[in-house]
C-alpha cells in the first residue's frame, strides 16, 4: 500500500462523496420540509445522465450536456411534484413509498422504451481528460478533480441559498413549522415545487457528471438512491450539513475500504483469503458504518435529538 | 401524615434556554386528589412526560412507592403501579372498546407473548376488562369500535384502561375536557370515590372543578412550583401572584 | 361466517383449483405459475405481519427472501458435492431434505431478522424505511462479492430437494407442498391475529404510547413481530429456490423488496389473505400485460399509482365490501 495510491483513493472517496451529496441534498430537504420520502429520486439522477448523454451526442458540447442534465431532471421533478407528489404530502409514509416506487417503474421502463436496453456513453471532453499533477507529484485525473470543485462549489452555493436568501429563509421556516410559512404569506405550493425542482436538478447534475465515469443505463439511479438514504440516516434527516459530512464519510469508507481491508487482512491471512474476506467485508462496510452511527445516535449525526 | 405514593424531587429539565422544569418537587399521598394547575406553557406536560419516563430529567429524582424510577423505561414504571390517562385520547381506535381494555388487562396480568390462544376467550382477562368497563359505565358499548364512541365516552374508556392496571396511582391529564356539565359531574363523583383506591395526580384547566375536587393543589408557573396547599392556601397565594402575572386569562378564574 | 372469511376461502380455493385444472389438461407452466403465486403470497404473508399488523414498513424484506433462498441453495450444494458445510471438531453436512432445509432457514432468517431488527426497530417512520432498505442492499452486495457460492452468477441447485413421501420433481406435487406451507402459515397467522400478541401488536401500530402505558415494552413487541415476519418470508425464499432450482443475488435486490410490498398492498394491508390476492393479481398482470408489451411494468406502475391515490384498502377490502380505517 503506497502513499500515492492512498492519496488517490482518498480523493476518489471525496469525489464520490460529493456526488452522493448532490443526490442526497434534495432528498433530505424534501423530507425535512415536505415530509415526503421519495424513492424516485434515483430516477431523476438517471434522467440527468440520459439527458446529458443525449445532448452531448447531438451537440458534442459537454457544458450544454451538463446544463441539459440539470434542466431535464428539474423539469421532470417539477412535473411529478405538480401532478402526483403534492397529493402525498399529508399521506402516511407507506403511501409515499408505494407511489414513488410506482414512479420508479414508470421512469425506468419508460426510459428503456425510449432509449433501449443498451447503455449510452458520455465521454469526458478533451479539455478535461488526462491527469494533472498535484503538489507532491501525485497524478490525478483532471475530470475527477473538476467534479470535486464543482460539487464543493454547489454545496457552498446551497449553503448561501439556505442561509442568506429569502427562499432559504422560507425553507428553514418550513422545516421548523409548516403553518408558519403560510402565515408569512408565502405561496407554499410554489415554494414546494421550486424546492423539489432544485433537489431534482442537483440529482440530475450528479447523474450527468457521473455519467462520464460510468455507463449511462436504466437502473443506475437506485444504487445511488440507497446510498443517499444511508447518507441521510447517518447525517440526520433534514440536515444539509449532516448530508455533506455523511456523504464524504460514506464516500471515503466506500473507496478506502475496498483498498485497505484486503491489505489489512493480508497481515494475518493468505493472499487469496485476504482478498476474499476483504472485498466481502468492504461491500458491507458503509452499512456497518450506518449501523454503528445508529447505535450511537439513532437520529444521525446532525439530526434533532429526541 | 399519609404515605407518599409518588414523589418528584427537585427535577430540572431545560429545552435550550427554556426552563421547562425548574427544581420541581411534588408529592402525591395515599387517598388524595392532587391537582396540578398552571397557565399554558408552564411546563405541566413536560412534568408529566418525566413522571411517565418519555422524557428524562437532567437532575433530580422520581420515586414511585419509594422506589427510584428515574432511570426506568415507561413500561417498567407502569408495572410499578403508574397509570396514566391521556389528554388527547391515545386509544386503538380501529379496535373495539373491549379490545382496548383487554390490552390493559394483558399488560397488567397476562403476557403479550401468547401467540395461539384467542385472547377474548381468556376468562380471567375478560373479567378484569369487563369490570373496568362496568365501573365507568361503558359495558354495553363493549363491542363498538373505539372510534365510534363520543368524545366523552373516549375519556371514560381512557379511565377504564387505567383501571385494568389496578395501579398504585393515577395520573390524569384533563379527564373532564369535553364531557359537558352532567358528564363532568359524574366523572367528578367517580374520581372522588376512586382516589381512595389509588391517589390521583390531576391536570385540569377548569378551576371550578379543581377547587371542588382537589384535596391539594400545586401551581406551576414558568417551570416552578410557586405554591402547594389546600384550595384555600393556594387562593391566598395565587391572589398575590396575580399581581405579578397580570391578567393572562387564567387568573380570572380565581 | 364473515364476508371476508368467504373471500379468503374463495381465494385459497381458486389457488388450488387452477393447478388441479392445469394438471388435468397437462399444462405444467400453469402449475408453475400457481406455485409462484403460492410462494410470493407466503413472502407477502410474512411482510404483512410486520407491515399490516405491526405498522413496520419494511422495504428490506428481500434480505429474508434471499437468505432463505441461499440457505436452501447452500445446504443442497453441499449435500450434492458430499462436502461438509463445516468440517472441524463438529462436522455439519449439507442436506437435500426440505424439512431440514426449512428448519435451518427459519433459524437463519430469525437470526438475521434479530440483527437487522435490533438496529432498525428502535427507529420509526421514514428512518425505519430507509434503514431496512439499506440493510437489504447490504445483503445484496455481500451476496455478489462472496464468491464461494457463485457470487454474481448465482448458485444452481442441480436437483430439486426432496420431501419425504412425495415426488417433489412433479410440478403438481411441489405445488401442493408450497400450498400446504402457505395454508398452514395463514392458519397460524389467523390465530395470532386473535391472540394476546396480535391484540398488542395491532395496538402498537395505532398508538405506541398507549401500549407502553399499560406496561408492555413496545421495542420487544415490535422486534418479535419483525423476527416472525422475517422467518416466514425466509421460508418463502427457500421454496422459491427449489421452484427455480437456482438462487441469485437478485433475490436480495431492492426490487424484490418492492414487489413483496406490492403483493401486500394490492391485496390489502392487514388482510389475512391479502397477499394471496395481491400475488395472484401480480402474476396475472405480468402475463396479461407482459403479453401485450415488453414494458408492462409501466402499466403496473400506473395501476399502483391509481391504487395508492384513489383506491386505498386493496383488493380484499374491495371484495369484502368494507374499508379499513386508516390513520396518519
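A, B and C label the chains in the order they appear, each numbered from 1.
One rule holds in what follows: a residue touches a chain if its C-beta (ideal position, glycine included) is under 8 Å from a C-beta of that chain, and two chains touch if they have at least 3 such contacts.
Only a predicted model underlies this, so the values are computations on that prediction, with no experimental measurement involved.
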Of all chains shown, the one whose Cα mean is least distant from the combined Cα mean is C
Relative to chain A, which chain has the most distant C-alpha mean position? B
As a quick test, compute the distance in whole Å between the mean CA positions of chain A and chain C. 31
Here the gap between chain A and chain B, centre to centre from mean Cα coordinates and rounded to Å, is 48
Distance between chain B and chain C based on Cα centroids, please, to the nearest Å. 43
Return the residues of chain A touching two or more other chains; collapse runs of consecutive numbers into ranges. none
Please list all residues of chain C that touch 2 or more other chains. 327
Of chain A, residues touching chain C in the complex: 31, 37, 84, 87, 92-95, 97-99, 101-106, 108-110, 112-113, 222-223, 226, 229-230, 232-233, 237, 276, 279-280, 282-284, 287, 290-291, 294-295, 298-299
Touching chain A in the complex, chain C uses residues 51, 57, 59, 119-120, 122-123, 125-127, 129-131, 133-135, 137-138, 141-142, 144-148, 254, 258, 261-262, 265, 269, 295-298, 300-302, 304-305, 307-309, 312, 326-328
Which of the residues in chain B come into contact with chain C in the complex? 52, 54, 73-76, 78-79, 83-84, 86, 90-95, 99-100, 102-104, 106-108, 110-120, 122, 125, 147, 161, 164-165
What does chain C use to touch chain B in their complex? 188, 191-192, 194-203, 206-207, 209-218, 221, 224, 324-325, 327
